[in-house]
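Multiple structures follow.
The following pair of complexes shares a single chain, chain A, combined with chain B in the former and chain C in the latter.
So, the complex of A and B:
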């Protein structure tokens, strides 16, 4: 059933004759029609991975398949791909029309009429018919982005690759373009890969996300799974705004449950929800999302005592910035702020079952998840 | 109310004037230096051209006599024609040559085939002629093209059993053009190479993904980026080839039989060998007029005004 469009097998990449590796042993599989995001901080090798997929860079070792075809030695133009670059890379001395026609002009035996028809067709889809005669410098950032999209789509590629396509756009336009890209991808049945360092964008646009750090894929999963069950501390800290709270603790087994002592309170975690073999010692890091913390009046079960620093208005909700100990910050997402005062103590209750427990030493998530075991994890 | 508005308007007018004068204020060092080192010599030159100044350096008004002598000089038309040909051929060859070398090393070696060290090495070697002092440079070539069998080419020909050729006597102009072009192209490859380097990587990568061949990329993507350097280099070459005399002086001394005497060398000969400063100045005035004219033609042909950037600010 699996219809693999792209397979990267044990890909490594070094720019300096194998002294240092920018990508290490990367494995990635993308199904036909899937929308995958490569997500990670700056310099983690996202663009390098994409460049290898489009054929501009060669992997130092490993194999890349498109379908059943080994494409390691296939030139970019023969890979049937469309590419949108970060800075759009429009040809500055050619008009919008000529920019879009450029890929068609490289194919032998395409007559003028066909070129014209195809250019106008794609310009209409991307809504830039009105600008065809302009020069790229005379367009706004959003319009340039659309031209870059049309140029990538004009040859009707099977795979669309986007390298940070929206990083130069303002927040509003980002939302608009991102919806359009998603829509186009679905309508044209494209397999798409987007590179981004914006986790919100990745969560919104793609069906699957590969979270990368230092040239290694940390987790490759659906957005909700990344959010609910991050595989390790890196993924947990990278995914979600406001970010997940991390609280150091000492874990101790007491019969059918674990007791976790933290500087701001003691939490109880059922024994079956922790994978004991993952624990290297008793030191752990608890990961709790801000919306899983609730202000409560008195001290009840599973509570943490914090001190409120300030309140940030997010529109519908309030973000309470608190701390415990010296300066360890904890963010609480709350609907109301009644009864709390700045620089005073607050008590928050933790949703049971919402705690991710990470081994302090390895950084791995040691929480047991029902769905994960039935789905099987990748990478 | 009305009064205060009037006052404001006055102030704006003052600001306007100051604003208009500001660029000239900023450029004043340029005006001063240009005045001292360009305008004054030109005025002196024009003044001397109306005198009969000789080795005694006495300025004595001579009216149009120097110019009349130039007009009467039967060698002037042929020298002018030869100079124009020399300048045009040298300019075209050195511009095309340096673009070619820059594309080959910077685009092909550096960018397309990622042999950056080879490209760099070649460009450094290529730079040597323009860094060599002209005297040394010309004497190397005189050694190469010398007429006896001690010289390089004839020496090799001799070893191969071929009779020596008197290169400089038979092909003086060809050799002159060759070594002038080489020295000029040597210096300007850097100009084109750095213009090519400034093209964003993404643009060339995009063209590659779009399926463009190297030749197409050079023609359609890279060449437009070279328009400004080409204008610059052409203008510079025209003006400097018009004034080239030291290579001629050292290589052929204008010979044989005046075959390599260009306008600039003719001026040099009259003014500094025959010490006819008045006549030399009159010739110089004509040379300046001629090169200014051709310079303007170059600016017009390359549409230089379209390449200038519009102001970045309106302030």
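So, the complex of A and C:
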């Protein structure tokens, strides 16, 4: 436990006297200097988790450690944290300067000169020196966001908490601020936690992601691992744009391989790449990323027969929206020179080894991966 | 919408509004004209004699100089306003922000109490003031007045506090400010328009108070409202020319107009600019 910055142990949170729980038995460990995202749809408990780390909510049960210090009963101001709220929560009656100086003014015995130096220092880092005399209402959303950042950083906290800090910004500004936050975090050596519902943002900014649903961490892993080896159907469907394709199938063992019959074709999967003990029955769901499907001319091995509905231009690629059966959609990523026609049949080949097999009943991934590098603990 | 795109038939609405507002405008115009004319219709300033000397009128009425009444009215109205806001703000904040037993019941009680007419409780007030020895004192009238209007103003102010996002309070908490510091430095400023409404309204209502003062203060004509009341005799007939009454009434509405000119900017402004709400 040498360099663990934050440890959440068996955390549960209930707002209604333990009738229902928003967070159930959550365990999470964050290393010093790590950038972790809490990712999930709205209502999954990610904000509640952050609020508990800040000390604004008390966990109903469980323990939170910062380093070796139990902080369950420590007030937010004594946790050495900085926080950026989704609404920025700037003080509307104070100038930008006073907003940033506010945290310093709450500490006894900090003289004016020190405050002034620190405010200007952090304003320069976040690039808002020019706006110090303005009122928050006179700033654009991006500038307000920067003020909120500098207010969070002015006391040089160890941990930076970000609650959906970019959800009010337009797409281009989002990218810019995202890069800057990432850069700042690295330069200042901060441990940072970001709450977001945007999987792209989480993948881009953080070193590790905790995917949450219904108050439970579904998977806590590095972005590439989440993408390549999602632990269950929820994580698989939540991570990646365009999203993963899911095709129902019946799995049957035939000697050294499994044969999977789907409504649009039969796929063969080597026996050693399936964790047999995970299978509850023969019904499975195959998860295949759009870029692992390739248009082919004739019917060869591991092919699926689809019908093309329409084509979306992504700039460098084409996204082909196809279907099989009644309305079951499948997305295929292809080069610009696909040479396909709308409403015609297409055949796609599946990259061998790229298929994630999920048990239909439990939703768990039953694929065996070569290098299973599971980090952290799951809830 | 462009200026040209006028709503069809808008003139009907305008006509209606103009006619309806005449009901208010005509008496005011009449008052202004009367205040500066003799009963025969000639221009005069003699109606304003109460500004500088005692003046005898009909049926034995001697009208005193008005200034002591003006000062009493000002003190009465300001005290009412300050006490009102002083009690309203912390109470409303508590009801809006804190969790305590009976919070919901208290809020409901506020609405019911707000609907109670003062007149229904006059005899009760008389007994209470008599018992605690505040009969014939302005302190007693202020208590009754503020007490009766508190439920309404607390209810109104609670709404303003409810509008202040929790995020701001949380941010201040993370920044190391105590609950009280946050309240004093941030929250109060955020509800400034609400406080202004209550301050102005209770001042005006104190300035306009007639019934309670007339009932619970034994001396006559001690405030501007009761000063004007002096001009009516026991049968309700005027004991002064209309012009004098109009002049006094004009003086009576002047502070109201001044106060509105001064405070309208604050009243209209709602500043929540520091936080984007979704």
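Worth a mention:
Just so we're on the same page, the second predicted complex is superposed on the first by the 366 of 379 C-alpha atoms of A that agree within 3 Å, B and C clash if a C-alpha of one lies under 4 Å from a C-alpha of the other, contacts with A are read in each partner's own complex, and residues count from 1 in each chain.
Throughout what follows, a contact is a pair of C-beta atoms (placed from the backbone, for glycine too) under 8 Å apart; a residue touches a chain by one contact, two chains touch by 3 or more.
In this text, all values refer to a predicted model and were calculated from it rather than measured experimentally.
On the superposed chain A, the two partners chain B and chain C do not both fit; they clash. The wider contact with chain A, measured as residues touched, comes from C rather than the other of chain B and chain C.
Of the two partner chains placed by superposition, only chain C is touched by A:137; chain B is not. By the touch criterion defined above, A:86 lies against chain B and chain C together after alignment on the C-alpha atoms of chain A.
Once the two complexes are overlaid on the shared chain, A:363 sits clear of chain B and of chain C alike. When the shared chain is aligned, chain B and chain C each come close enough to touch A:107. Residue contacts after overlaying the shared chain place A:168 against chain C, while chain B stays out of touching range.
In the three-chain superposition model, chain A touches both chain B and chain C at residues 54, 56, 76-77, 81-83, 85-87, 89-94, 102-103, 106-107, 151.
Those residues of chain B whose C-beta lies close enough to touch chain A in the complex are 200, 202-203, 205-213, 216, 220-221, 224-225. By the touch criterion given at the top, residues 165, 167-168, 170-177, 181, 185-186, 189-190, 192, 271-278 of chain C touch chain A in their complex. Taken in their complex, chain A has these residues touching chain C: 54, 56, 75-77, 81-83, 85-94, 99, 102-103, 106-107, 135-138, 141, 144, 151, 155, 168. Of all residues in chain A, only 51, 54-56, 76-77, 81-83, 85-87, 89-94, 102-103, 106-107, 151 touch chain B in the complex they form.
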